[in-house]
Amino acid sequence: MTQKVKIGIVGGTGYTGVELLRTLANHPFAEVTMITSRSEEGVAVADMYPNLRGIYNLKFSVPDANQLKTCDVVFFATPHGVALSMAEGLIENGVKVIDLAADFRIEDLAVWKTWYGIEPASDALMAEAVYGLPEYYRAQIKQAKLIANPGCYPTSILLGILPLLKAGLVNPMSIIADGKSGVSGAGKGANVAMLAAEMSESFKAYGVNGHRHQPEMKEKMTQLSGQEIGLTFVPHLVPMIRGMESSIYATLTTDKSQAELQALYETAYQDEPFVDVMPAGSLPETRMVKGSNMCRMAIYCPPGGNTVVVTSVIDNLVKGAAGQAIQNMNIMFDLPENAGLNQVALLP
Amino acid sequence: MTQKVKIGIVGGTGYTGVELLRTLANHPFAEVTMITSRSEEGVAVADMYPNLRGIYNLKFSVPDANQLKTCDVVFFATPHGVALSMAEGLIENGVKVIDLAADFRIEDLAVWKTWYGIEPASDALMAEAVYGLPEYYRAQIKQAKLIANPGCYPTSILLGILPLLKAGLVNPMSIIADGKSGVSGAGKGANVAMLAAEMSESFKAYGVNGHRHQPEMKEKMTQLSGQEIGLTFVPHLVPMIRGMESSIYATLTTDKSQAELQALYETAYQDEPFVDVMPAGSLPETRMVKGSNMCRMAIYCPPGGNTVVVTSVIDNLVKGAAGQAIQNMNIMFDLPENAGLNQVALLP
Amino acid sequence: MTQKVKIGIVGGTGYTGVELLRTLANHPFAEVTMITSRSEEGVAVADMYPNLRGIYNLKFSVPDANQLKTCDVVFFATPHGVALSMAEGLIENGVKVIDLAADFRIEDLAVWKTWYGIEPASDALMAEAVYGLPEYYRAQIKQAKLIANPGCYPTSILLGILPLLKAGLVNPMSIIADGKSGVSGAGKGANVAMLAAEMSESFKAYGVNGHRHQPEMKEKMTQLSGQEIGLTFVPHLVPMIRGMESSIYATLTTDKSQAELQALYETAYQDEPFVDVMPAGSLPETRMVKGSNMCRMAIYCPPGGNTVVVTSVIDNLVKGAAGQAIQNMNIMFDLPENAGLNQVALLP
Amino acid sequence: MTQKVKIGIVGGTGYTGVELLRTLANHPFAEVTMITSRSEEGVAVADMYPNLRGIYNLKFSVPDANQLKTCDVVFFATPHGVALSMAEGLIENGVKVIDLAADFRIEDLAVWKTWYGIEPASDALMAEAVYGLPEYYRAQIKQAKLIANPGCYPTSILLGILPLLKAGLVNPMSIIADGKSGVSGAGKGANVAMLAAEMSESFKAYGVNGHRHQPEMKEKMTQLSGQEIGLTFVPHLVPMIRGMESSIYATLTTDKSQAELQALYETAYQDEPFVDVMPAGSLPETRMVKGSNMCRMAIYCPPGGNTVVVTSVIDNLVKGAAGQAIQNMNIMFDLPENAGLNQVALLP
């Protein structure tokens, strides 16, 4: 048997980090050999995340460039700005890099800088970066050294709207995406607004000044459909831990029956292992993907108008983060795309 | 001191019924003298709803037309079809009627019949019915004998969109309302889909075949703005007990600054005791109205487009049902409009 | 009409503070004239707590001893240590003090110091302090200048066990109290362990090294029953915002029928406005007291043993904190004991 | 490679059924070949449980004794009374039976009949039945044809208390078990009390007249420790979907240090793949086992008494039902005990 892919994780103390560890625990062809955290040096991961007791003996170590070079691939589960400062050295040494943060997601670096407020990655590095949405960039991912793992909202919304956009069936200037995320999307930082006493039993829109995922989605929609895009995106917070639902509204520019729309979507995703178009007349629920790497979606036209609606659900920590990163790794290393990713959603 | 208004409640075993009782317990000028339920005859309301122990000595009685005539006003907290069969006899005897179900909400009876599937109310009865949204029908409510208390989604969405529609600032043919409701909106019936184990920790759109509140809203929007309306409405279920948020999207047909839009809304509702326009830059959360009769809302334009967004929150059982019914009663009986309705939202 | 009682609140930014404001908003005989917070000086309370928009015009001010002397009563909703440093000056000036923290709860100052780690209040101050559990200390509260408002667990557990202890029916050396609290009990501090993503959908015991409420309860049990007490107390965290349930286990030392035990409890609390003994065969739920000042309880003997069980529920922020403080104020100022406290529990 | 174990599931429409399917989906040595439901005949399991879309092609069939005989093992995920009527025929034909209901859990048939209200299994059948708690009955399970899979509360409480009882360190006559269960334990039946609007944001004790798991636990405690047992058991309902915590109280009859107690437990379970004794000073949380077959526990002595406390957590649907059933199957068929059971708990 061939050797397992050796994985390093930089910044593994957050929810994306523990989700990588959970998922990789049963990966048949890869193993985590190193996990870093400056603040938690020496702490056993199983002490921070007791669900990993008996599964990992790893301890957090201080990130060290030389040590990381012994890995085949390094995942960055860090705040933005870290991967862009460390990726070059790794790539030069033949280590593949998958960034779960936003450092390489937007090609227009001026736009990136506006939203993220720091100096963007170099042009040279950006030239290596591939947007890690396998359903639309699989060929490039296969060859890539550096992956920009998509944001959670962009994953659910791009997968939802792209068949319509690529088919040229809707007005590209008036796309509306009403997104809803569980609270794990806000991360593990101590934050009064995310206390259970604050946000349980409440629902709200947020991001009145805009959200960083809007320019990311808009750029990819334009790129993949070859059209200028007008996109309104309003994110909301749902009192649940995991799960993301996006209801996407577009105006049909040509008459299409429900059956034609259904066929369009079923055909678009018929070979995709992690996209499931629900039967006509049913709508997905976030619990149908909890803990799994699936994206489930439905397309339909509500009575009385020419608006088409796509509702799309993912687990924000899996297909929206760690699971998709592993899917990308599998593609990059020519492993079965679903290796380690066949977990069934936890229902109820 | 004048005598208290004598209230009868028909069908008080559901969530709307208990919410009427909770709110009316501290009403200074009204008292519940009769509550009916065919199935629970003889049961003390405090045995069914232990939060009312020590507060009400009432027992459920079988609905009896003669008994109900001793009331000044009768609330119907029943499934649709009950109020339309009993209202006429009460009104003829000088008893005012407030229907919390849908029997008199839609004036176009053909549309009503399509959605509700039974014979609608008579034209004579409909001629008496006033749509009980005080912010837009206060004068008519003052004179009314029969109130159609609005649906919960229509309350939050109409209050949210009407200032824009009445000002003629948006394209009336492409209104999109993305509604989210807590689970108490589904009522107290035994229903597998509403089990905590089913819908906790999950989020979904529902109503793929349309929702009865869409024609109700569309008719009122048309009536109040004098324009033909195109309305897409998608309801969603939130894993929380109480609360409703609507994110409403419309296309501006003329350039307006955030400040102008803010001023439009603040002016529209400046005298309203139960509508609160949040300061620019903030967004309402459902917990800000939990247990209270307030509707709080915000208006803003997300970056990069001509779409205007209104987010509006209510407690679906209060301003969306029992509280608004009591507000209507107060207006009809010339009581202070906020009598019994000054509860502060329960936060946290 | 007589003048309203003028209330000052020191440290009103936490959950106890906002709960005082919520409840006092409708108090007929008292009004909040001052609320202090060093960190939030100048901020409107309605900006911090939007449920209070339109209800209070107060701003947080820096606590100032001279200003506070203009109040009739000052509530301390502060961390421990604050009230004991400021109470003397206020009392000397005829201002009554109600401490919602722990500064005066334990008479044995050596024990207090062990658990709270700072210098305790002076003996002189302690001589003024009355433990504010009205059901057992009403006469003393009536005369008091300084109230130690009980902890939430002690309120629910003392009310639950005392009739048995006072009647001498159980072994006082083997009391077991298994307490469960909603997360608002942990306060509003930024705390990773209280994030919704951490503690929603989970249940745990905590306090492996003991809990400060244990010595408080033990002292009062001893005092009120005249017996040495052995008390095991294990607190647990429930994934809900409000509510506290305590299941209390004791060993009957003499045979008593269910009917006799029921009668004992009904008699003990027959005149109490805020204690409700549930009918035999039923058990209280925390939702039956959500947002209200009631304590509801049941007593029964599970099959097959001589263990008697009392289950007792309160809203930890109301009867367990702010509501009981107001009840104490009402008693001290000779107001109707239930003034401002007649809110019906929010159910569903 | 040897052939996979062929599994039949009788009554697979409830939560235990879907949990069996979820877990068995990735079992390397077993496969579900048949699943029955009289009411859902012909329905695809993936239509009832959309998390299984793309994973199972099975449809529910009417239970047929001849068909079931083609299986190697049949799981009964049925109400009590079904397995006892069908097991004999299967066993005679060499099919092993694992009953996830209560039909064979209590050896004292008179006691069983009192609690379950129907005729118990025959003595012959009971003679075959082994109580499927592997940690204490592994040798017998290895030889068994018929397994009585333990109840969820008994699993968490027996694992928690037995080391103390077997070591003779506590008074066996005064065991108190305060159990708390998530709502999935109540099953998938339409039941008003289990609606999200009813039991979310609330906590309560239930079972005022006793609970069927009490005699089950008492019998096994007696059997395994050779002592007469006095057991008080009070179950509670927690507003979460999955998870069970039991806090167990016992009186030490001999002085033992924390270190000695810790060592006792670590030794007792050192070879167990699915029992994890937490380090001294820490306490388990239900989320640490969500979706996994682990039982995690801690033992400690709260300050000031001779009461020892064990807190023990499981996922009620996994180690408390389906996972333990699969663990039993693995033992019976001489498969690796953890085959298919290495899922990491879903955290957050």
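Chains: A, B, C and D, in written order; residue numbering restarts at 1 for each.
Rule of thumb we're sticking to: a contact is a pair of C-beta atoms (placed from the backbone, for glycine too) under 8 Å apart; a residue touches a chain by one contact, two chains touch by 3 or more.
Since the structure is predicted, the reported quantities are computational estimates derived from the model, not experimental observations.
Participant: Which chain has its C-alpha centroid at the greatest distance from the C-alpha centroid of chain D?
Facilitator: B
Participant: Count the touching C-beta pairs: is A-C or A-D ahead?
Facilitator: A-D
Participant: So, what's the distance in Å between the C-alpha centres of chain D and chain A?
Facilitator: Chain centroid spacing, chain A to chain D, equals 36 Å.
Participant: Could you give the separation in Å between the centres of chain A and chain C, each centre being the mean of its C-alpha atoms?
Facilitator: About 46 Å, centre to centre.
Participant: So which stretches of chain C touch two or more other chains?
Facilitator: Expected reply: 15, 182, 184, 188, 197-198, 200-201, 239-242, 282, 284-285, 287, 290, 348.
Participant: Okay, in this complex, where on chain A does chain D touch?
Facilitator: Contacts found on chain A: 15, 18, 21-22, 25-26, 49-55, 184, 188, 200-201, 241-242, 276, 278, 282, 284-285, 287-292, 294, 296, 317, 342-348.
Participant: In the complex of these two chains, what residues of chain A are touching chain C?
Facilitator: By the definition above, chain A touches chain C via 15, 182-184, 186, 188-192, 194-201, 239-241.
Participant: Which residues of chain A touch chain B once you look at their complex with the stated criterion?
Facilitator: Chain A reaches chain B through residues 174, 176, 178, 180, 182, 197-198, 200-206, 208-210, 214, 218, 230-234, 236, 238-243, 245, 247, 249, 251, 281-287, 290, 298, 300, 302-305, 307, 309, 311, 313, 348.
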